[in-house]
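As written, the chain order gives the labels A, B, C and D, with residue 1 at the start of each chain.
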Amino acid sequence: MEITLNHYLAVAATLFVIGLMGVMMRRNLIIIYMSLEMMLQAANLTLVAFSRFNGHLDGQVFVFFVITVAAAEVAVGLALIVALFRLRQTTQVDNLTTLKF
Amino acid sequence: MDQYIAWFLLLAPLAASVTILLRLYSPNGAIFASVGSASLCFLIALGIAWGGIVAPTPWMWISLPGSNESPGLEIEIGMIFDALSKGMLLIVTGVGLLVHIFSIGYMAQDPGRARFFGGLSIFMFSMTGIVVSTNLIEMFFFWEGVGLSSYLLIGFWFTKESAAAAANKAFVCNRLADFGFMIGILTYWILMGTVSVKPIDLSNSYHQNAVSLPRVVSILTPEEIAAHTGTAISVRHIGGVNLTSPLLLTIMVLGLFGGCVGKSAMFPFHVWLPDAMEGPTPVSALIHAATMVAAGVYMLCRVYPLLLLSTFGLEFIACIGCFTAIFAALIAVQQNDIKRILAYSTLSQLGYMVMAVGCGGPDAAMFHLTTHAFFKALLFLAAGSVIHALHEEQDIWKMGGLDKKIPLTYWTFLLGMLALIGCPPFSGFFSKDYILADAHAFHPAFYWVGVATAFLTAFYMTRLVVVAFLGSARSKAAEHPHESPLVMTIPLIILAVLSVGSGLWGFWSSDSGMKNFYHNWAINLFSDTDPIPNNGHFITVPEINTGIELGIPFAAVFFGALLSYYLYLDRTTDPLHIRLLARKFYVDELYQRRLVRGQQLLAGLLNWIDAWILDGLILRGGAYISVGFGEVFRLFQTGSLQTYAFIFTLGGVLLIYFTLFAH
Amino acid sequence: MNSFSPLIALLLIPLGAILFIIAKAPARMTALVASGLNLAISLLLLLDYPAAQGSYAWEMNFPWVNLQGLPPIRLHFGVDGISLPLVFLTAIVTAAAIAISPGNIRRSSEYYCYLLLMSLGAMGAFISLDIFFFYIFHEFALIPTFLLIGIWGAQNRQFASFQVTIYLMAGSLILLAGLVALIMTLPPEARTFDMIALQSYLNDHPIAVATQNLIFPLLLVGFGILVGLFPFHSWAPPGYASAPPAAAMLHAGILKKFAIYGMIRIAIPMVHDGFEAWLPVLLALLVGNFLYAGLITLAQKELPTMIGFSSIMHMGYLFLGVACWNTIGVSGAVVLMVAHGLSAALLFGLSGEITQRAGENRFAEMGGLAERAPTLAVLFSFASMAAMGVPGLANFAGEVMVFFGSYAAILPVLGPGYAIIAIYGTVLTAIFQLRAIKSIFYGLMPARYEPRAAVAATAGSEGTPAAPGMTDTSALAEHAPYVLLILASLVIGFMPFLLLHIVEPSVSLLPHLK
Amino acid sequence: MIPASDIAYFAPELILTIWAMGLLLAEAFFSLEPRTITSGALAGILACFLVTALFDATPTLFWSDMCKWDGAAKFFHLFFLAVAALVIWMGDEVQEPVSHGRGEFVVLPLFTTVGLMLLAATNDFMLLFISLELATISFYILVAYQRRNLTALEAGVKYLILGGLSSAFLVMGIAYLFGITGSTRFDAIFNWLHGHHALQTGVSFGMLLVLTGVGFKIATVPFHSWAPDVYEGAPNSITAFLSVGSKAGGLIILMRLVLGIFDTESAAAVWIPVLSVGAIASLLLGNLSAIPQRNLKRMLGYSSIGHTGFILVAVIGASVSLAASPYPTDAATGQIAVTVYLVSYLLATFTAFIVLAVLERRLPGLEIHHLAGLSQRSPLLAAAFALSLVSLAGIPPLSGFIAKALVVLVAWNRGLYTLLFFTIFAAVAALYYYLGPIKAMYWSEPLDETPIRLNRATSGVLTALIVLLIVTGFWAQSISALVNGSNLSPNATPAAPVALIQH
């Protein structure tokens, strides 16, 4: 069978939802963060697919930007997580709830 | 210049009262100021009576333009000196002056006497104001003023709960009645576009509205009236409510009468007057016997042409007056407090006067008002002298045997009593019989009730005299009383002379004399306008019939007195026990239980609703609900990262679902 | 026109006084002097006002703000026969309120600043001819009132201060919505905050009736809340009961009148069709004021709450006079505004005095005060008589005019019935006022008259020993402020024409008069 | 006037970036006093401010149409610069100095500001994303700057994760918009939407995802959850920065999107209901759940959610494609209202947070009851805090009133009666918690009597802010000056409001 745009979109959407689920369900900050990245990649996939089928490159350019920004974000994020780990000797998010109500 | 003199009629007592109120004088200085102002009033009144002093130029008190839907409002403060006001003015200032003098002796020991005389001055100010008022609002102004002074003086001994209560009762009763009075005034204004009571305006108003109606106690529709008189009658509006003129006129008359009902303590509102006896006796004499309570009658006579416009109104007035007369007389039979007996007799005499007005005899009413002012003031002052002599003893069963010990007081009291019961040739005889004759001409029923009242009057007054003065002393105090000083007895003597003479004066001549004086005033009410209005009986002119005029009433009085004399001579206790009368027909109890308590219950209920439903449930409820929501909302803020992520996602999903897929 | 007018002084003087007080000037003295100056000025204005044509006098009109999206806001002051009496009222009540405030009150400088701010707000509202300033000047007073009740208030000041402030804020926000709606429904070029311009424009191009029926209720509810129109009155009794006397005097005496003034100036003339449509509702509500509030007043067992409710009830007369919208009724309402301002100020001030002296505010526990404090008795009786509309005091003149006006006006549903209800209101007033006099001053003094210091302390000033308070500590001189108010009331009561010849011409200039 | 060349319009961002880099290097090589860095940064901001002020606001596209310069851009440039100045000054002068790397703590806000400024001028989704992330990422660092402190870290992590989530949604949305319209240019998308009247599901899907991302920035319900926690955990200056700067950044984007791109009949039919729901929800939740709060920063966090609601009402009112709007010029008033609201919000919020920052060092904590008797201890602080709260509550004569009045005005004019009702209700409910601290400060008994002394700079700035609060309220002309440099003379004929954002 011939692969259409919708297939790509479907895969991307699935990735997105998986990432979302990960963010909501996993307890380990690192993994949550990975899931976030996965969601971003899903978006990237969508972009690429669209620009491929629309036939111009803006989307792909955008993807590079996204990847770059994501990298920066990861750097900051991991730094934070490390700092947190120093303080609590764990990266679990359970009872990370001193601020509430 | 001389046109300003008249103002001092009002200014002198006002100045006196204000300065006394500001405590500018020592007590005796206050007495001097007050008595001085009273005598000045009397002099001015004399000047006015002899025409030396003319009415001053009025000043405009309120003047507002009208519009297409309401007449303009023109209220001026001025003075009107006609026969009516001249006569009344003399009575008020004359009796007032005498009472002032009497009080000098009577209140000599009281620490608060300055306050007392201040109150008297306020009263003189307001009462003279009522007499000379040129319009109803001005009259209302002073009307409330006398109410105020009476309130202050009844509550003079304010540490006595009963006195304070009586004062409140008097004021509230009057307020309730003035409620009607104000409505009457408003209706008069709507109908005639003026509130003036100058005779000329009144007769104009009369001629605008007079339609010869048959004397039936009913309201006719415009059609019926047109059928009856052949003249179409104008339909008037108040506040956009269409009302046929007769109904409006009746409302007006009843409203105005309402004022009289309060001041003159007619039947449903009579309850305050006996309680008013809590005040010092001179006050009872001046305010609650001679003048203020008569103000209602005076007002009726003043607006008499308006009363004529509603036959139903007139008959209603006559009925109320007649009923009050007999009703009060009955109660008086079983009272034991000397002042209360006199108070109830005042009520029944006022009933006579009001009945007279209702029967179309304002002249008779004024005549009786005058004589009554003299002898009732006399009676009260004499009673005061008795009480003074017995050290505040008021129960007639604790008196007795006073005729020898305080002869002057006894004799003056006796004269007054004879005048009151209408024993010829004392003044009361003439005035009362004049009223009875009018009543007879109007409708026999009123006449017979009047006669019965005369009988009762003779009965209870004789009872009073016999029990209180004759026989032997029945209490320590009564054994050696002391005669009052001259300053108190001289007014008694003067009043006694007046009570005796005022009726006889000019009895034989047809133009001089008090009776004719008032009669001329009455028949001249319309003389300035032609033609003299409808079918003659706007003033009842009784036909002379000796049987009715003299015989029957005299017989009634004679037998009443005789009966009571033999019944009560040398008694130590009351042989009659009529609980219903002793308890005043339970009217007070009725009011207390039904009206006052009912209103209070309603107030309590509303208060509860306001506190718990409106304020509590709705307002604070609303506030608490908002706060509660706040508490609920913050629960979503669990602090757990993933709850937040979930809320975030859920929000997004819901938005997308409802916008894209929900339809 | 573009010259400065003496009116501005009425604002600058209190402002200056506040600055002085902040700069550590003796608070009470400064405030007294400032209010005295204002009183003098307003009196001069009253005498100097060219009454004949009833137009605006001492106008000053400067462009002020011209913000994109907002209609131009102008600094436009001026008074006519309707606002001038209120200016005078503000001045005299402020002077009295400051004069009766104890000198040794704690944090006195703040206290007097807030008082001055309140009166500044009222004054500004009455002299502004620009709706923007009319509104925000009134709002000036909101926070000072909150602080006055909160800091110097009596028993449950906590609750009262919050309720009053939030309720009034709600009212003024609804009012704001109404005013915005009124102005913003006009085409952009016609929009203006200037009352006169707006009025003249609306005379030529009235708003569509449907829109008016939408706008008027906003204005009615807004003003109604501010004045305590039934059923929006719940803030008043507790608020006044726990406010310090001076604050209650200022609020009940002056600030409330702002709403009635707004009805006369804005709501009824500018949204007249809406007014006509909603008249039955308005009338029903004011009947509620008369009967509901009147009867509730009967049931009160404490002096301050009784006076609070009675002041609500008396708003009925004002609303009735305005609702007639004929010359007689409206003039009556204006006169009555002044009269009620004076009497309410008297009553609140005196009740504060009594409560503090007796250390007690429950009728059942009081009595016989007249023996020990005759002057107080006389003053309170005067105040009550004024409230009862006894002739000779100002209220009578105003009430009579309202009666006549409403009896003649063609009002829906009950017709003359409203006048009759109003007259019955005077009976009710007589009942509860006399009962108050009786239970406070008459009879014998309760044996155990040991004033509870707690109540005494909260009654405004600290440390005044309540026990000697029972006696009449003060000569007439010390009661000068009350005497001042009473005299003003007497003068108007005996010679209402003095006020009327100022009021009537301006009133008869109002549009749509019946 | 600077000639309208690409590079010229890009000057503010360039200046600031270079300046920030320079400061970092300088600090690295010859270790400067933090104080000097601060004054350096402030100087840079001042320079940038002056330059920006020189531009006129005529709409122009530049940088190969990726950026757009117009009234909105100019206003927000100046706005963000002012915010940055206050933040940096607070960070060094007022609050507890950070334990380490004070240089970065001063310089990082400059980068955030550059991001926000770019955001204000963006005309392309790519630039939008990048500038947004530039701002956000530096925020991640700033929020969690006290990395020894657990609450700060927790706040940082929460902000990080949720921020990442939102940017994922954003990118996904952008992807769909790009995919269907075939461009990332705002104007191109706008023209495309005008071309196709029937809105495709994909477009509205993308639009909604983008709105989700933006909703996170402006903390509107239901994307608000982070706000209270982060506000409470972050340092005061940064909290103020978040609640004013980041919110304003989100708002300018929101306006650029809904008023610039999506303001067509068909699109408006989608986003107006969505935003209305968001507005009402924010009004209710923000103001109601602020009532029971005891911690002042947290309370202000909730209240800022509420304020988002108020602003959203104005944004909706600014849409030209609203049904009931007899007078089209009123649409522009909506945008004015947003800007005015932001200005007054800026003044009030910073006053409040400066006071809090001062108190944090003096008081045992920032609960309401810790304020007891503040009016005795330091009248200035008490007055400043009270006035800022009163202004936030929207009581005259403070600038908050003008803002609220404008919102009410817009709501009525544009026939948003439901929103009007909730606006008024929320304003009243808000009073409930704004009055609480005032009560505590003015008539609760003080815990300890010791007066609080302020250094001259702080009291000077506070006084200036108070004056501004009052002046902007009483003499709103000054706001109009701040908003759109329109001439200060009130004599000028009332100009019909000019839309800051046009297509």
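Following the convention adopted for this analysis, contacts are C-beta pairs under 8 Å (C-beta built on N, C-alpha and C of every residue); 3 or more make two chains touch, one makes a residue touch a chain.
From a predicted model like this one, the values you see are computed outputs, not experimental measurements.
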Contact distance in steps, from subunit A to subunit B: 1
Central chain of the complex, centres being mean CA coordinates: C
Where subunit C and subunit D are represented by their mean Cα positions, the distance between them in whole Å: 42
Length of the line joining the C-alpha centres of subunit A and subunit C, rounded to whole Å: 65
Approximate Å spacing (C-alpha centroids) for the pair subunit B, subunit D: 76
Computed distance of Cα centres, subunit D from subunit A, in Å: 27
Per-residue overlap in subunit D, given as positions that touch at least 2 other chains: 157-158, 161, 165, 228-229, 432
Multi-chain contact sites of subunit B, meaning residues that touch two or more partners: 634, 637, 639, 641, 645, 649
Subunit A, residues touching no fewer than two other chains: 20, 23, 32, 93, 96, 98-100
Subunit C-touching residues of subunit D, taken from the complex the two chains share: 327, 329-330, 332-333, 336-337, 340, 375, 390, 393, 395-397, 401-402, 405-406, 408-409, 412-413, 420, 424, 427-428, 431-432, 435, 438-439, 442-443, 474-477, 479-480, 483-484, 486, 490-492, 494-498
Subunit B - residues contacting subunit D, complex: 623, 626-627, 629-631, 633-634, 636-637, 639, 641, 643-645, 647-652, 654-656, 659-660
Residue ranges of subunit A touching subunit B (in the complex, touch as defined): 20, 23-25, 32, 93, 96-101
List of subunit C residues in touch with subunit B within their complex: 163, 167, 231, 234, 292, 295-300, 326-328, 331, 368, 370-371, 378, 385, 388, 390-392, 396-397, 400-401, 403-412, 415-420, 423-424, 426-427, 430-431, 434-435, 438, 441-444, 476, 495-497, 500, 504, 508, 513-514
Subunit A contact footprint on subunit B (complex, rising order): 634-635, 637-642, 645-646, 649
